[in-house]
Amino acid sequence: MTDTVQVERHDDIVIVSIHRTEKRNALRQEDWIAVGDAIEALGDDADLRCIILRGAGEEAFCAGADITNFEAERSNRRKVKAYERATDRAFLAVRNSRLPVIAMIHGFCIGGGFELALAADLRLSGESGRFGVPAKNIGLFLGYHLVQYLVDAGGRAVAAEILLEGRIIAADEAVSKNLLTRVVPDADLEEEVMKAARRIADGAPLSHRFHRAALARLADPRPLSRVELEAQFDYADSEDYMSGYNAFKVREKPKFQGR
Amino acid sequence: MTDTVQVERHDDIVIVSIHRTEKRNALRQEDWIAVGDAIEALGDDADLRCIILRGAGEEAFCAGADITNFEAERSNRRKVKAYERATDRAFLAVRNSRLPVIAMIHGFCIGGGFELALAADLRLSGESGRFGVPAKNIGLFLGYHLVQYLVDAGGRAVAAEILLEGRIIAADEAVSKNLLTRVVPDADLEEEVMKAARRIADGAPLSHRFHRAALARLADPRPLSRVELEAQFDYADSEDYMSGYNAFKVREKPKFQGR
Amino acid sequence: MTDTVQVERHDDIVIVSIHRTEKRNALRQEDWIAVGDAIEALGDDADLRCIILRGAGEEAFCAGADITNFEAERSNRRKVKAYERATDRAFLAVRNSRLPVIAMIHGFCIGGGFELALAADLRLSGESGRFGVPAKNIGLFLGYHLVQYLVDAGGRAVAAEILLEGRIIAADEAVSKNLLTRVVPDADLEEEVMKAARRIADGAPLSHRFHRAALARLADPRPLSRVELEAQFDYADSEDYMSGYNAFKVREKPKFQGR
């Protein structure tokens, strides 16, 4: 099939890299499927605590869809629907992963590549990061949920700007619009991302799961059920809560088990 | 009636100017009606692709309601309701225009003037821009949808600050709160706005229409219908999508038709 | 009981201070109850127009829960539920107060202390402000509404970062993420907060009440009823609206009565 996606483990942190450097890591349909496959599989691994998603090399995170495959993959409605099933699966694998996901961004992060980063929980970028959604230049529509990803990070007005102007903006401007978590010099990016991943991986998995589920649930304004409200206290019955407190008392770092 | 509103065409871009420079472009009831009329009429013009809304001169975008007409227009509940019908129609004409709208801001952008700018898709300001909603100083209420415009740009906490403190803030602070798209030196504002308008006007009209409708639709959290979900792929049947791709292949600029 | 909470009136502005400086103003269950009691009682005082909430001293606003009381107060589900009833009542007393609330922040503003600040309408911080929610370090869950407070200020992506990384961030970073209203040098904080409180206290109480209620109501996407839409014009019948206009005409400062 494709060897576009490579997976590298560092203890309880895993780095997923997109390798199509000759195309600025732009993806074909089969590559989107491979990304979805990889992220889904890792979510089932009980030994992992955090996923880092990056582009290989330092020129691009992902330049979006590889347009050279356009005739084969996207030249009519039927093909477009099949293509977007593949891209959506990748976006949703990231968004709904059992594990927190950090996007680590060098250079181009455009179109579907930007959306992939927006699907992640955190977006750390080097100063080389370049962001934009040029859909309007080719007459494409972004699906509703991809528009929502922009709103979730930057708010409605920023989403309107990104979609209507279609400008490519630098990392500094993107972070000022809340589209990124933070920006560091490219030379420091890898270390900064590993630190963030370590903070996440050292946290209680049940806390991360509850907080990420709460953020998703709060997008639905219907009142919380009694069962949901009661579940807010489930941590009190967990082993990790007790060991977290005991470690705190003796100023040690707790080792959480996720139960 | 009123010659407050002037319209100037530049090919497929149109500039709508508010001319009451002797009043910092503050508006009477008849002027609000004229603004609504002008924006509505332009939205029906098939040759246009983008509206720029500005105040005449460089002292003010619009200082809001002309309070000197208070006795005649706003001194009791009946008058207030008629007055707000006129202002709301102007806000909604901008918000719901068939065309993207850019607010081009020099100087005072206060009260109803600020809301008019917030109703637009983009807000580009010179460094002279001054923003605020002093409703609390006179005992006014902003209607729900105007409160929502503030939330749409800056989020709930920023909206609370603007309404409760009623401070007049400079462009730099406003952009840091995401209330503006960007700020440039006053001398560069016109050129920067024309560039943004050109980017929008050169984009596929169907893309703009879908993305703007999606942003409005996503404010309603009810699940998308199958018809709505299917419409996400309508671009695949458009002539513009094909010409957009063909132009991309040969590295030319597409000429979109809006179909 | 507890003398943790002290109240100091300055005309129509009241300063509520949390006094546990030996614990960086971290709170026990009884202290949370005292905070809720104090804020609730002040909300019923017709002579007041604005509440300032601060930590005593300049080392901390509030470092959150006093963990040394953990065994007695939070070591099982039953205790946790009783404890969170006390904390929630404090958060909701601030959020739902009849009066606007300003959080005035020096130093540590962590966990429940940060949430208390987020429950307020405005957050003014000195440069010494330090912010974070380290719940994941001990295996706690933040309740849904506390997650929502983060979203209300910074948006969903910022909330995810704060909860997942659990980093302690400085005031400058917090304001860039819209988690704070503004940051000033510590030496200027008291004066800046008093100015903001004065602006609020001088505003029409009915305007503040409507705008704050509207911000809460707009979190519910159901359509506004005709009664709610009509209430947008209630100001037109108020004495304060007339006196606000009359004061404006003669360039004097109105004295609002709240009716």
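So that you can tell them apart, the chains are marked A, B and C in the order they are listed, and the count of residues begins at 1 in each.
Definition applied: a contact is a pair of C-beta atoms (placed from the backbone, for glycine too) under 8 Å apart; a residue touches a chain by one contact, two chains touch by 3 or more.
Worth saying up front: this structure is predicted, and the values here are computed from it rather than measured.
J.: Applying the touch definition from the top, give me the chains sitting in contact with each of subunit B and subunit C.
T.: Output, common partners of subunit B and subunit C: A.
J.: On C-alpha atoms only, rotate subunit A onto subunit C and read off the angle in steps of 5 degrees.
T.: So the copies are related by a turn of 120 degrees.
J.: Are the two sides of the subunit A and subunit B contact the same residues or different ones, given that same means over half of the numbers occur on both copies?
T.: Interface between subunit A and subunit B is built from largely different residues.
J.: Could you grab the centroid distance between subunit A and subunit B? Build each centroid from C-alpha atoms only and quote it in angstrom.
T.: 32
J.: In subunit B, what residues contact two or more other chains?
T.: Each of 154-155, 176, 178, 219, 221 in subunit B touches at least two other chains.
J.: Which bits of subunit B are touching subunit A when the two form their complex?
T.: 100, 121-123, 152-155, 175-176, 178-179, 181, 196, 199-200, 202-204, 206-208, 210-212, 214-215, 217-219, 221, 224, 228-229, 232-238, 240-245, 248, 254, 256
J.: Show which residues of subunit B lie in contact with subunit C when the two form their complex.
T.: Residues in contact with subunit C: 67, 70, 74-77, 79-81, 84, 135-144, 147-148, 151, 154-161, 163-167, 176-178, 219-221.
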